[in-house]
Structures are given as C-alpha cells and as structure tokens.
Amino acid sequence: GNNEANEEATEGTEQQDLEEITLVLDWTPNTNHTGLYVARDKGYFEEEGLDVEIIMPGEAGADQLVASGQADFGVSYQEGITMARIQGVPIVSIAAVIQHNTSAFASLADSNITAPKDFEGKSYGGWGSPIEEAVLDSMMQQEDANVDEVEIVNIGDTDFFAAMEQGIDFAWIYYGWTGVEAELRNEPINTVYLTDYSEKLDYYTPVLSTNEKMIEEKPETIKKFVSAVSKGYQLAIDNPEEAADILIEAVPDLDAELVRASQEWLAPKYQDDAPRWGEQKLEVWENYSNWLYENDLLEAELDAEKAFTNEFLPN
Amino acid sequence: MSKLEVNAVSKSFGDNEVLRDVSFSISDGEFVSLLGPSGSGKSTLFRIIGGIAQPSSGTVKLDSKEITGKPGSISYTPQSPSLMPWRTILNNVLLGQEITGSRDEHKALEMIERAGLKGYENSYPHELSGGMKQRVSFIRSMLSPQGLILLDEPFSALDEFTRLDMQKWLLSIWELYQRSILFVTHNIEEALFLSDRIIILSAKPASVKKEFIIPFKRPRDERILLSEEFLQWKKVIYEEMRQQDVSVDY
Amino acid sequence: MSKLEVNAVSKSFGDNEVLRDVSFSISDGEFVSLLGPSGSGKSTLFRIIGGIAQPSSGTVKLDSKEITGKPGSISYTPQSPSLMPWRTILNNVLLGQEITGSRDEHKALEMIERAGLKGYENSYPHELSGGMKQRVSFIRSMLSPQGLILLDEPFSALDEFTRLDMQKWLLSIWELYQRSILFVTHNIEEALFLSDRIIILSAKPASVKKEFIIPFKRPRDERILLSEEFLQWKKVIYEEMRQQDVSVDY
Amino acid sequence: MRSFLQKGWRPILVIVLLLLGWQLSTIILQIPEWLLPSPTQIVREAITGWSIFSGHITSTIQLIFIGFIIGSSIGIFVAIALHLVPILREAFYPLIIISQNIPTIVLAPLLVIWFGFGMLPKIIVITLVCFFPITIALLDGFRQSDRDLKHYMQMAGATNRQIFWKLEWPHALPALFSGLKISATYSVLGAVISEWLGASEGIGVYMTLASSSFRTDRVFVAIFIIVILSLLFFGIILLLEKGLIKWKPKEERERHE
Amino acid sequence: MRSFLQKGWRPILVIVLLLLGWQLSTIILQIPEWLLPSPTQIVREAITGWSIFSGHITSTIQLIFIGFIIGSSIGIFVAIALHLVPILREAFYPLIIISQNIPTIVLAPLLVIWFGFGMLPKIIVITLVCFFPITIALLDGFRQSDRDLKHYMQMAGATNRQIFWKLEWPHALPALFSGLKISATYSVLGAVISEWLGASEGIGVYMTLASSSFRTDRVFVAIFIIVILSLLFFGIILLLEKGLIKWKPKEERERHE
C-alpha cells in the first residue's frame, strides 16, 4: 500500500521532471537485486528524481549493454569488469552489492567433501572456463593436494541438483540462492568457501556498474542513483522480511519461499564488515587481478584504480 | 469361358450419372472394342474394371472371381501416356514387368525397336513427341504379363501409317499369346479391323446400346480395309452411332 | 500478304537432327494443315514458330517482322491439353484472354456450351474426360485474340461425330474472323475438309516434301466428305505420304 | 469439424497415453518433483498460477503473431524477388543461408545495442527464424512448375509477371504451405527465445524465472502452453491450406492431414 | 566447376562488398573492437589463434556430421512410416510438432540426467533440429505424386510398397532435397547449441568462453567458421541434388542454384 500512495502522488505532479534511467540485471531477478527493487517500489528513486526501468538482459549480457550506453547502470561481477576492462570495454564498478564472496564449492553431504583436499579423485562440474581450474588449484595447493587429480567435467547450463544426479560430485554455487534452495529441500550439502582458503579470491560479486561516459557527463545522476539504491539495500539489511515481500510482489513468478529464506540469509552479508554499504577496497581489486595475471588468465595487468570508484557512495 | 464379366455397373459422380446398368462380358482370348461419344464414360468404365474406382452399383468379375474395387489384375494403357519423368524409356517400359515379376530387358529392347523408337531407349519422356510417348505407354502394357489388357485410345496420336503398323503388330502379339483385350477407340475402322466384337455405348448416361460381332476371318490383313464388306460394316456402325448421339446437339 | 514466313528453319537436339531447312509461308486468313509422321518434328516446329524454342538456323517472320525466338504473338493449342489443375474450366478457358486483354465471360460461356461442355463450367480439369479436356484447350486458344492460331492435333481424342461438329464450328469461326490457322493432324480427311493448303513433311529429318492446294469451295459442307473428288484427293495424299514414309520400316 | 472429431481421437489418445505413462513413471520411479514433475502437478500449478500466467501468454501470442506475419511476408517476398530476378538469386542465396547461422548469443547483444529493448529486436529474431523455411520451400516450388503450361503462356504472350502470378505462384502454393507449417512451428519457440533478449513479460520470461528459482513445475507449465500454442498455430495453417487449395482430387484430399 | 566459376563471382562479390562496408563503418563510426570488431581484426585473430581453434573445429564437424546423418535418416524414416501407415500419421503427427517446441533450456537438464554428458544428448539435440524440416517436406512430397501414375500402378497390381518405391519416393526427391537444404543449414547451429549442454571442446565451447572473457573478435571468428561450414554443407547438398536428379529438362536445369 505504501508504494502505491507514492506512485499516485508522483503521477500528477513531478512526472515530467523525472530522469529516465535504465538498469540491466545480470540474469533473472534474485535476492542480490532486492535493494534495487526496494528503491524502485518504495519510491526512493523518485525522491531522487529518477524513473528507473529494470530490465533482464537475457542472452544479451549486461556488461556490453552498459558499456555501449544502451543501459545506464548494470549488475556485474568483479571478474567480468576485470576481463572487460582488459579488452578495453569502458565499464566501471560503482558499488559492491555484497562485501564478501559468498560463492562456494558445494557437494551433497554424503560425498564427504569438506575441504579442498577432498576434491582429489572427485569430479567437478563446471562451465569450461580456465579460471575454474586455477581457483581449484590455488585452493588445493593450500592443503598440498593436486588439481590434476580432479576430473573436470563441462556441464554447460545444467543446474546444480541435476548435475549431482548425474555423477558430478561438486560444483560452484552461490550459497545465497542455490545453497538456500538446498536447505529448503532438506538436502544437506557441504560447502567449501573460496574466501576460507585464499584472500585473493575474496572478490566482489555482484557489483553495480556504469560506463565511463556516464561518470564523465552525468556524475550527479550516478550519485542520486547510488544513494537511492543504498537506501534500498539498507532496508533489506534492516528489514529482510519486508524487502523480500517487495521483491516477491515485484516479480511474482519467483518462488516466494526461496526468496524469503534467501533474503534472511543474505541480509547480514550485504554490508558485513564494511563501514558502509557498497564500499570497495583497492586491495581487493588488485589482489584478484594480480592473481588472474599470475595464473595467465589475464593478458595484461589491470589498472585497478580505474576499475572501480567509491566516489558516488553516500556519506 | 468368360474372362471378364461386367454386371449391371452404374456410376455417378455426385449428380452426374455417367454409367447406367452397363453389362457385357469378354471371352478368353477375345478382342472387344468399345465405341462411344467423348465423355460417355469409357475411361471411367476402365477404371472400374481396373478396380481403382468403385461403381455405384454392379459387379466386375475376372475369371469368375469378383474383383469389384480390387485393383491389380489388369494390364492397362491409360488415355494419357503417364510415363515417369525420371525414368528412361527403357525403364518406363519395364515398369509393368517390375511390378509383377522379372525384368526382360531383351524383349523390351526388341519391342522398342519394333515400335520405331530405336535410339530412344535412354532418352527421358520429355524428349519424346506425343505419338512416341503413346507408343511407349503401349509397349509398357504389352510387356505386362496379365491375361486381360485394357487399351484406352492407344493410337490416337499416331499418323495413319504408324497407326496401321501398330495395329498389325498388336494383332500379331495378340494372336501369339491369346490374351483378352478390351480396346477403346474413336476410330471405327480401327475397331473393325481389330475386333471380334464391337460394343457401342450410348451417350450420357452410358449403357450398352448395341453389340456387333465382326465376322472377318483371322489372321486379318490390311487388304480387308478396302473390301466392300468392310465399308458396309463401317456404314452400319456409323449409322448406329449417329442415331444415338444425343449429347452433342447440332 | 504473308502472315507467317518460315525460312530455312533447321533444328537439332544434340545429334538428333529433327528439322532440315523447312520453309513455307501462310497468307493472311489462310488455313494450312501440316501432315507428317509421328515424331517428325511438327510440334517442334510449332514451338519454334511460337518462339519458345530456338531454331539451330533459319528465321521466322510474322507480319514481316522477325520473331525468331521471341514468344508472345501466337494463339496455341498444345498437343496435350495443359490445363491448370487449380482453375475451373471457365477460368482455364479465359486464360488466353487474361494474358492479352480483358475477360469476356459471356463469350466464353457461349463457347463452352457450343463445345458440349455445358454444366462443366465450374468443374476442375481432373473431373473431365480426355476428349473434354482437349475441347477446353481448343476453346482456350479460340478465345485468344491473336491473328495466327497454331492447333496441334486438337481433335485427336474425339469421337467422329463430336470431331466433325468441332471441325464445322472451327470453320465457321475462322470464316467469321479471318484469322490464319496452322493445323497439325494425322487425319487426312480432316486436313482435306478444313484446309486451303496441305503441307506434307518428310520423316526424320523433316523437310517440306510437298504442298497441295485444296480447291474445294468455301463455305464447305460435310457433304463434300462423300464426294468422288474428295476420295480422289485422299488417295493422292495417302500415296504421297506412304512413299516418303521411311522412318517406320515394315 | 465432423472429420476432426472422427480423426482427432487418435492423436488425442496417443497424447493421453503418453501423459498417463509419464504420470505412472513419476510415481513408480519416484522421480522428485524438481526433476520431472508429474502431469497432475503441472496442471495443478497451471490452474493455481493462472492469474499470474495469463498476462505472459497474451504478450507472447502478440509477439508470435506479429513475428510470424512479418517473417512469412518477408520469406514470401524474398522468395519472389530471388525467383524473378536471377541475378539477385545468384548473389544473395548464400547470404540467406548465412542469416540462419548467426547464433542468438551473438546476435542478441548486437540487436539490443542497435535497437534497444523494444519490440523490434524480438521481431527481428522471430523473423529470422520464420522466413528461411518459407523462402527455401517457395523457391523450390516456383522452380518445379509445369513446363508445358509455361510454354503455353509464353507463346500466348504472357509477361513474366503474368507467368508468375497465374502459373508459378498457384503452383507453388502447396510448397508454400509446407514452408508455412515448418515456420509456424518454429515461430512459437522463436518468440520464447526472443524474449530472452530482455523482456519484462512473456512465456520466455516466466520460464527463465521459474527455471532460476528451481520451480520445475512452472517450467513445464510454460512448455505445455508453448506446445498447445504451436499445435493451434499449426492447425490454423492446415485449415487455411484446406480452404485455399480446393482443386485437389477427392481421393487425395481425404488423405490430407 | 566451370559453371561455379561463372556464377560464383556474384555472391562472392556481394559478400566482399558487405565485408568492405563493415570494415569501413567500423573505421568511420569508430566502433570499438569489443562491440563489433572489423573483418581484418577477425581474420587476424583467426590466423594467430588457429592452433587453439583447429581442435574445436574438428570436434564440432564430427558432431555436425553424425547429428545430421542420424537426424536426416530419422527424418526420412519417420516420413516414410507416417506416410505408409495412415494410422501412425494421424496419431503421431501432433507429437512431431510438439517435439519442435521443447526449448533446449528444459530439454538440457533432462537429457543430461538421462544420458549424461557424452555425445548422446548432443546428438539428440541436433537430431531434433534436423529431422523436422525433412519429415514435413517429404510427407508433402509423397502426397503430391501423380495420380494417373498411381492409378496405372495400382491397376497393374503394384503393392503399396512398389507404389512407394517406384513412384512416391522418386517423385518426392525434390521435396526431400528442399528439406535437406533447410536441415543442413540448421544442423551447424544445432551442433553449436548442443555443445552448451556441456562439452569440453567445440566451437560452441570456444564461443561461450570468448564471450565471457569479452573477446568479441574470437566470438566472430567462431561465427565465421560456423557460416563457412554451413555454406560448405549446403553446397554439398546442392551437388548431391544435381547429381541425383538428372532427368529435369535442360531449360530448368540451367536455372538451378
């Protein structure tokens, strides 16, 4: 009811003045995006004079759309922005949605994989990127295990649960979504978090992005946008149930139960140990890009300072 | 003994009554011609005897077995040549044999030559003239082994000399193998020269108007064409057909 | 004045020499028949005059303008009826008019009735007998407005009465509109009854063997068919054709 | 309609048997719902979720129709152009094949970058899917028209245009319908795929959302709808074919699908 | 060969002009490489990266061949079965349409669960893509065979089998090739898509990796290869058609593609 009132109020008066903004998600809406939907449906964007349309990119891929200016803002990953910038794609991270990497290697509980050394002799289902092997390698090295002992199978788009049915022992998931789904299904899983084994792998995922032209030409717009989004995530942090309901109402096709549970799990992770929501640290960017470079996964060294900025975050 | 018996066959296409109560029979080894105005139902009757069309009523018997609506026992020259465009002349001619038994290429080549088509064995139908295609279609049915042959105006596109030659050839084959032949033609002389018996169909709806038994001795010679008796017969049949020709009023 | 001039036309298909040095002409309003053995090249000659086949050498002139290889100036009844299976009889008949000008449905219906096809205006070709299709194809070319009409065995599938009727009708139309007609037939009587002049082609390779000017007075009546002079003419032409018939040796 | 009832029972029986087998095997083999829901579960979800769902359907149907109509018009137009102008045919035939081999994964970002998120890029995708079978089938159909009839028309002075409209076009109609049937079938899936280019509504959107929130039952509801739409669409083309091609001899007509 | 050289220049000219236009517009409009690389950049990458690339190509070509051969065999077989057994046709026709409407997004997990990550599920995907145009085109081709010839054969005592092999099959050959052309074109893309089901090698794998690391030039190298493969494949089908269908009148032959 709250946001309805807001909409009615704006329709008559301010509408002409609203600046139209497009935001592309990375894929389908999920709890990573809650703050964005809250900011839209609670009227935070309108308060800043913005009219934001949220779009699912499908196969189009958000980064190119943001870089080309078809969309003003997007949801991206540190990994993607790093790769993109090396190829000259002018895209910049403007806020970290979640402070720490919540991705993990997950397996069904009965296969007893609790640490990287247990990966040996097991089969890993991935999507064929060389990064995966490098990540496995650097984690397994901590425990003197050998990545060559892992059978790496390309499972394409197959989802985690289906892959587990088909003889795959572990796969790379986001706990906040797939892990929570496993909880809801009463399917006990073991997780091995990347962050537990390597500082360098604690990169930001996801982040909000924009292109360099926006930064140059419309810094004010970015500031307004980030401040509204920040309020949105703040609400998600303080009041996960309400935030979850907003997301469910905005995207009714999502599974409500999963959204609520995921929101509950994710709420403390948004800001975590950072001084404010969205804060990014140079060392995180440098660590990760150096790690990629050292592993021959990057053709050149990243100029990390240009890849992100904290300047638009509200104080 | 009757080879073929057509019993009270009627056929209508919707409101269009084409055949009414047509009955006749053909003996073993007999040569019978069917005369009747254009559009009277001769080809339709052939299709019924051949079993690919169902009569509205009546039955067809071959060798005393009922074959109404059952195709497969007859050798047939359709009114339009109906050759397979993707087969050479030789292979077209052999089609009938392929269907019922073994290919006798030697005999086929012999017949092709006899029909004046030597050199065209490996041509495709679209390279032949109208009359040549008709001869190919004729050879095809002569090569088929069935005991009853239906010929639907097989020589209509031939010049008089080729036609006479084909007629004589047909007679010689027929005399040799003693197959029964039912022959449709619009040419009275042709019917007289070839047949043991001529059946005249009336105009729409067609029924058997009259039957003539032709008494010329066998083997026949083209000289009978000029005999007085022949001309006499021709006049009789001509008059018979003229009387009942009511479909075209002029 | 010459309507059509065929000058030294030759045609070979690969090694197969079909026409050799064929020359003749047709005057305005003249009715000329072409006689020749089956496969001699009559239809090929028609295709060359019609401009859809290119002669190996020689030229064709219509109204003194060269039209060799240029189609589009001729009304034509092909040897096989070639009707459009998706058009009704009426619409098939009107095709020639549609191509060159406006549809005259009234006249078309009149002609369909005259040809004994009343009631079939809205039938499709596959519902017609062979002879009926041939009549449709004939009407189609008679309805076309061109000054030269080529008729390739237009009456071969008709019984003698329908045929005579169509011949008389053709003569009446021709006398009324004075169009030039080139007519192919295998029937000598038909050629004699209809033509001002008969051209006889030799067998392969075809060339003009002989021309006869037929002196019967116009308008002609079917009674001349029984006259002594007619029989005499028939014999002359028959003999002429027999002599040169070397393609089929028997 | 009567003939539909007479013949329709057979495919329906097969489909019912299939659903039955599916239902039984999910029960007997105890296949978990998230892997392969049973037909009853799917139908239940379709009924309860109908209110959410109906909006998506209308949006997709709209896309299908616009896309199919534009796609088949272009297909027909291209076929005619290539047929009538031999130089065009020789020059552009390969490009038509190329057009079928640019994967959506590549096309998608380019289309969105050039044309934004509106209808246009989606319609381009459906069009690309639809036009090809029609063009190929029609071109082959035009080529195979009756030679004698063509000669007759040329002699009578028919222009190329007349030969085309009075002979080649009617002759190629059965081939056209062959192509239209293939295209109609593809257009539905084409529309769903085009929605992955970034849409806010539609069966494609619903399906990806369902898939990413592990609601396999909803994914199958979407498939059911897609399948039903395709069959409907195919049926419409068949009816059109029967209505337009009237001249076939009876015996053959009766064997029509 | 000679006729290829005579006619081949036209499409090649068009393609060269197209590439030239593309090259110029990337230069003039200053389109950044990550968005749309110029043809020269693509060719450069194709040459330098050839060693990485060739392995992927062989793997994909293998998939295409196996998939296309199985797919078209099944397509032909299904068409024959449905044509010869009317009950089958009535019962299964709708299922064939349904088979074209199950999006890979749904099929993929099921296929993987049933058949693992090997060749089998990929070949199933290509087969599904290939068989449909062939089946539809062939069925229509069978149905349109000459009625008079059929009657002649029936009267002469031909069995249904003889009628099929001696009449309907040769008559439907042009339609079959129409369908094969469509299928050959689709099989290449089908193979690439099937690799998204999880493969360790192949153009599809190469392309997704290139796309996720923003190597647009490599994505386009992959497309170039896909396009060239498709054209080659289509050309092979055309040559086969010319070789097999010899009886066409000359005039028409000359207008063949």
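The letters A, B, C, D and E name the chains in turn, as written, and every chain counts its residues from 1.
To be clear about the criterion, a residue touches a chain if its C-beta (ideal position, glycine included) is under 8 Å from a C-beta of that chain, and two chains touch if they have at least 3 such contacts.
All figures in this text were calculated on a predicted structure; none of them were measured in a lab.
Which number of steps is the smallest that gets you from chain B over to chain E via touching chains?
Between chain B and chain E, the shortest chain-hopping route counts 1.
Which chains are in contact with both chain A and chain B?
Neighbours common to chain A and chain B are E.
Of the other chains, whose C-alpha centre is the longest way from the centre of chain B?
Measuring from the centre of chain B, the most distant chain centre belongs to A.
Once you find the CA centre of chain C and the CA centre of chain D, what distance in Å lies between them?
Computed from C-alpha means, the inter-chain centre distance equals 50 Å.
Determine the centre-to-centre distance between chain A and chain E, using the mean Cα coordinates as centres, and give it in whole Å.
Measuring from centre to centre gives 39 Å for this pair.
Measure off the straight-line distance from the CA centroid of chain A to the CA centroid of chain C, and report it in whole Å.
Chain centres of chain A and chain C, defined by C-alpha means, are spaced 85 Å apart.
Based only on mean CA positions, could you tell me how far chain B sits from chain C in angstrom?
27
Indicate the residues of chain B shared as contacts by at least two other chains.
As it turns out, chain B has residues touching two or more other chains at 80, 126.
Could you list which residues of chain A touch at least two other chains?
Residues 61, 64, 68, 159, 162, 165 of chain A touch two or more partner chains.
Would you mind listing the residues of chain E that make contact with two or more other chains?
35, 105, 109, 113, 147, 208, 211, 249 - these are the residues of chain E that touch more than one other chain.
Have a look at which chains touch which and call the overall pattern line, ring, star, complete or other.
other
Hey, which chains are touching each other here?
A-D, A-E, B-C, B-E, C-D, D-E
Touching residues of chain D toward chain A in the complex: what are they?
On the chain D side, the touching residues are 34-35, 52, 104-105, 108-109, 111-113, 116-117, 195-200, 204-206, 208-215, 218.
How about chain E: which of its residues touch chain D in the complex?
Answer in residue numbers: 7, 10-11, 13-15, 18, 35-36, 86-87, 89-95, 97-98, 100-103, 105-106, 109-110, 113, 132-133, 136-137, 139-140, 143-144, 147, 174-175, 177-178, 181-182, 185-186, 188-189, 192-193, 207-208, 211, 219-220, 223, 226-227, 230-231, 234, 249, 251-252, 255-257.
In their complex, what parts of chain A are in touch with chain D?
For chain A paired with chain D, touching residues are 22, 24, 27-30, 55-61, 64-65, 68, 70, 159, 161-162, 165, 181, 185, 251-255, 258-259.
Sort out for me which residues of chain A touch chain E in the complex.
61, 63-64, 67-68, 80, 83-84, 86-89, 125, 127-130, 153-159, 162-163, 165-167
Help me check something: in the complex, which residues belonging to chain B touch chain C?
13, 16, 35-39, 41-44, 79-80, 116, 119, 127-132, 135, 152-153, 156-163, 165, 168, 186-188, 238, 241-242, 245, 247-248, 250
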